[in-house]
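Single-structure report; data block below.
Chain nomenclature is as follows: A, B, C and D, assigned in order of appearance, with residue numbering initiated at 1 for each chain independently.
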Amino acid sequence: MREAVLAVTSNPLQRIPGVAIMLLLLVAVFGAVAPGFMSEVNIANVLVQSTLLLMLSLPMTLIIMTEGLDLSMGAVLTLTSLMVAIVSVATGSMLLGFAAAVAVGLIFGVANGCLVAALGIPPFVATLGTLGMAQGLALIVSDGQSVVGIPHSVSEIYSAAPFGIPVPIVLAILAYLLFHGLLYRTRFGAYVFALGGNREALTYAGLSPTRLLISVYALGGAMAGIAGLLMTARMNAGHPTAGLGLEFDAIAAVAVGGTSFERGNGWLGGTALGVLAVGVLRNGLNLLALPSSIQVASIGALVIIALFLDGFRSRS
Amino acid sequence: MSVRETIYAGLTVLAAATIATAAWADGETIAVFTKNQTNPYFQAVRVGADAAAKALNAKTLHYIPTKPDSIPEQLSQIEDVVVKKPDAIVFTPVDYKAMVPGVEKINAANIPVVNITDRSAAGKFVSFVGADDYSLGLETARYLLKTLGGKGNIVIIEGVKGSLTNVDRVRGFNDALKENPGTKLLASQPGNYQRLQALQVMENLIESHPQIDGVLASNDAMAMGAIEALEGANRTALVIGINGTKEAVDAINSGKLLASGDYNGFLQGCVGTTIAIRSLRKEPVVPEIVLKPTVVTKANYQSYETPIESRACPTWDDATKLGAK
Amino acid sequence: MSMTLPIHESSPFNAPAPPLLELRGISKAFPGVKALDDVSFGVWPGEVHMLLGENGAGKSTLMKVLCGAYRADAGEFFHRGEKVAINSSSDAQRLGIAVIFQEFSLVPYLDIAQNVFLGREPMGRIPGTIDRRGLLREARRVLESIGFDIDPTIPVAKLGVAQQQMVEIAKAVSQNARILVMDEPTAALSDRETELLFELIRKLKADGVAIIYISHRMAEVFALGDRITVLRDGRRVGEVDPARATPDELVRMMVGRNVDMSYPRHFVEEPGQVLLEVKGLSAPTGISDIDLVVREGEVVGLCGLVGSGRTEVVRAIFGADPASAGRIIFDGREKSGGPDEAARLGLALIPESRKAEGLALARSVGDNLVVSALRKLFPSGLFQPRRVQGVSSDLIAKLRIATPSARQTVALLSGGNQQKVVIGKWLAAGAKLFIFDEPTRGIDVGAKAEIFALIDRLVADGAAALMISSEQAEICHVCDRAYVMREGRVAGELSRAELTEENIVRLGMHHA
Amino acid sequence: MTDITKQAFAPARAFMSDDLLQVFYRLAAALLICLALAILSDSFLNLGNILNVLRQASLLFFIASGLTLVVLTAGLDLSVGANVALSACLAGTVIHQTGSPALGVLAALATGGIIGLLNGLMVTALRIPSFIATYGMLWVLNGLTYWYMAGEIIHGFPAAFRQIGSGYLFGLPIPVYLLLIFLSIGTIFAQRTIWGQEIYAIGANPVAARLSGIPLSRRLLLVYAVSGTMAGLASIIFLARLNSAEADIGESLTLPAIAAVLIGGTSLFGGVGTVFGTFVGALILTLVLNGMNLLSVNASWQPLVTGVIVILAVWLDIKARRRGE
């Protein structure tokens, strides 16, 4: 580790992360040209639409900080969402459904953790494998059909708005605060930094990297379970493909948010901004009713430009 | 490329966008929801909708998930559209059950909505326009079995498991087979409406079954895939598909494909949009139009050869007569 | 071999008190190697116990055993005379043992305070949370106590090597360690920083801390050591009183044979023509207006404090970092491109960090030896493994690389042999100018002499060498001339006659 | 010390001997699967079916082979599937416009190559992690393809051209010949050229490779360009096999291709793996799907089984290497 490697550049741009620039840019432009973009309802929409992705991106940030990856999240989300539906339909109890979802999520999370930490399988491979398993199970348990007849309590809670703030937004904010506290204010958080930055340090401090790593992935699984409840509530149904591919969106959001894939250099706030940037872009383009193909391409552009800005700044 | 340049780039794109949106100024705006940007069927729906709107001097806005058939995305798009408040909506749910909350949002916003193609499981609609997948499957299968003389070995290539269209079409296929005790169903395998998957499934079935006389595919893409597989193995069998796409019509013309059930996205788009506009203009509408099943065959394919872009929507009177009921 | 000096089996001071920590008959074996074989030694409060030995002598293993990372297969530990067990790092911590490795056990993106107390953070009211205020208070106290004046909220990633080492020591102190184990702590430090470190060590001694200090550098062994234990091939060769030993004796004990310590060098009076000429070279990495010349047959030194820009200069010359201004003329040709051009022209860079920048550790000796010569060996572009076998076995013989075969993974070689592979890589490529960045870092005495003999042979055959070294002794013994860097500039050039450690220090010091 | 051992224990060295051993294990595994299928299904062991498996494996291999090189440099290319789609659609157009298959092939290779080059530039010049850069590219390409195709299908190509996909030569499908050709080219390129060696060196330690005089950026560009071009080639085979081009042709291809590479024993850490291994990986995946079709296993089990195989293969590798040390 030569000093040159560690020295930080004193470029003023450095302090404004690329993702923040992108987000401000998008908000400013859409605010100017997209009718109704700034309306209270629309802002609420953007936030509600972003909750699902945020729920996945928060744990994904921690996992990526450990120089890991979780490709199974989208599929696991799909499966847990189905669990909520199936169990709550069968038992009529939302709580049981929720419990089942979190349980399934945890099982997959722990499985990922064990494959990565205990068996030493590269995270990409391990979670690519569990992705297949979760997807297969989702198709099998649902027999390819969407599951309906969810007890009303589910969607009612979802669409409730205490103090005028929709429940999903409340949950999202809670989740963010929780993760922020967890990462920056607890021992566990410090150890997450260490998992990516220097595992030796943990061993010498008498801590087990293996156990910690497993719990990080488990956390991811649990969040997928919670997100499963949200998704089921949103669709008021369970569907065997609804969440597929979301893991890549989450990874992209984390990367756009300025978390690097090396040495535990992560930024939770950036992730939140990244999620919002994607949400705002989609929403704004919908309001402008641009051809959907433009929307598809511009999402790619957003990812590339944001990362380019970061790299560009860290080099200048 | 500096930050500033990026900003400029962004601005120009969106400036262009606003001009584009400004273009939809007068007349009613109809938001049209379809499942994906890849399937020709929905392209036909969109073209039909545009034609109808143009004829009635209204405007259409198209909303299509960026990930094909994505439920969360269509839900989000509905929420965004509700903000935009178009005059009416023509709606194809990506999933007829999971999209109900979306429909309820539209209803809550009091935007009149016409349901086309897949009948939504719930929600208030001005009208439903669609084809009867069951009878479409039944009729097309009947045509193939009649041509076979009511006997022979048959394989079914199914679409996406659990999708409304597929369930009914396959049910139609099977009932047609039941009517012809002389036939034998060798296998019923999913091709997920995908050409490549259908091709490979067919390749494998060809090997496990030395004699295949008829192939019933839930859509044209899979039918064409099956045909490629058969040709690749120098085997022949009668193949039918469903949707009546341009590709299928050409194949019927060239004798590769026996027939295709006409799902007629163009008409569904036309009539759905027409109804939406009529209801806005307080003109009488019908609560439901289920297109009569028509089978495109060597006998009648000519009328389908005109590319959808240059087809015209039927008059309202003709449209009302299209309904089976 | 014959042991020439008396071995003291007990403390030379015949201390009445039992040792603070004593190891008896410690053994540790790995598949194939007996890393530690019946090693015994003790350390008393307030003394610095030097641990000497070549790479692979078992020093690192011993450290790992001491800190509980490894479990000894056999042997006993005694703490203040009573038998104890060290099976885990927590055991070691309970006994007040703290180890500072060469690769720091610091987390780059945590701040200093959190690193110092990693795993021992003061708890907040809610279980699991960290009492931030308390943490910072404690951290400031500890940093204070070792006289390290820095803001504990700075992330470690922003610190220099020396500062990171201070954090490591703070960590040890915070565990109020009574026994501090240091592995070549001065390896990456400038002389100035080394002095500060020594002061701190003396201070700790005064507080009654026992220090086990691993080193290769004779100078500091004698400057600091109260007692010296020499290891070789996992066995304890003997214990020496520095007052009564000479460097050569120690070397003989370490290596097991007589090694010529007077770096062999056949100086030529008339150097050949100019091979490399650098004019007004500046780079964003913090060097400006560098002028230097290297002639054929010369070994030119590049010295100065760590951070004075030596490495940056050679990287810029080699094209590893872009230059912002200046000209580089090599062999009469203007050079402007990156490392690939440099290699084509006949420059060779033997970087400071072999593992990170010199070798593909996971690949074979053979693969590493030919990697720079691919174009030369296979002009057709077609690659023949057999040819590689031939070429690499020649080099292995020529450089006396100790490896079972060319197929051995480089990672499994000792530091010295890895260094030879890096040099061999450039021999195969037929380089004319060899740029060495700290060529003897982490290499044991025996190998050092071989490396220098090699350099001497190279220049004798008409090549040239530009050598960075923090060990002024090396520069003085090996180089024809030397440039001294200060704050990114060339502070001066020293001819062979002027080339003394004093002059180097004088030129290199900030207040010259 | 510690990181040496880590390095030594993680991705093992790139000796031919070791790689051959790894590949040998895999071939054995493939044969075991064959044996099992031969016992379970009587139709497995007939020539036609074997040829099917090979033909289907070849489609997967063409994409995966280029990807292998990228993974050898410790990179990843998530855009291959989208690349195939766009290349196929453009090539399809060219063939329709000009009627010349040759030009079509050129168009596909060019498109694929350019896309690969852009990926390479993002990774080298912009220093964006390949994983993210190519994911962004994936969206951009999909956007272009959707816009360009507008839900249409390009179909019906000259018989001569379609031979590439479905034709036979001396009783073997033409794709199988192409498979053999590119398998040998790929193997020679990776194992027997200095570029191949340089790629392995870059994968093992990019910094050291650069400081050893290997033109890092240029080689990476080459690797991504090759990967893109192979995707272009694959698109041609698909085009000829399916006799049509549609926007979603590549959607379901990327993850299987990556899986094939991983099952083939190429390490994501870079520097370890072989093109032949990737072929065996593709073969194993295809065998499993083929078997499930022959035994008419519920398609829902396919992703699950694939997942298990991926993990199993890589885990066994790691175990083998640990034992090797």
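Assume contacts are C-beta pairs under 8 Å (C-beta built on N, C-alpha and C of every residue); 3 or more make two chains touch, one makes a residue touch a chain.
Here the structure is a predicted model, which means the values were calculated and not measured.
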Chain at maximum distance from chain C, centres defined as averaged CA atoms: B
Distance from the mean Cα position of chain C to that of chain A, given in whole angstrom: 43
So what's the Cα centroid distance for chain B and chain C, whole Å? 71
Computed distance of Cα centres, chain D from chain B, in Å: 33
Shared-contact residues (touching 2 or more other chains) in chain D: 2, 139, 142, 146, 299-300
List, in ascending order, every residue of chain C touching at least 2 other chains. 103
Got the chain B residues that touch at least 2 other chains? 37, 66, 161
So which chains end up touching which? A-B, A-C, A-D, B-D, C-D
Chain C touches which residues of chain A in the complex? 1-4, 6-8, 181, 185-188, 190, 193-194, 196-198, 200-207, 263-266
Quick check on the complex: what are the chain A residues that touch chain B? 13, 21, 25-26, 29-30, 32-33, 35-36, 39, 41-42, 45, 48-49, 52, 139, 142-146, 148, 155, 231, 234-243, 245-246, 282-283, 285-293, 295-296, 298-299, 305, 308-309, 312
Interfacial residue positions of chain B with respect to chain D in the complex: 36-40, 42-43, 46, 66, 68, 161, 187, 189-190, 192, 194-197, 199-201, 203-208, 221, 224-225, 228, 231-233, 245-247, 250
State the interface residues of chain C toward chain D in the complex, per the touch definition above. 60, 103, 318, 320, 338-340, 342-344, 349, 351, 355-364, 367, 370-372, 374-375, 378, 381-385, 407, 409, 411-412, 425, 429
So in the complex, which bits of chain A are touching chain D? 115, 119-122, 124-126, 128-133, 135-137, 139-140, 143-144, 200, 248, 251-252, 255, 261, 291-304, 307-308, 311-312, 315
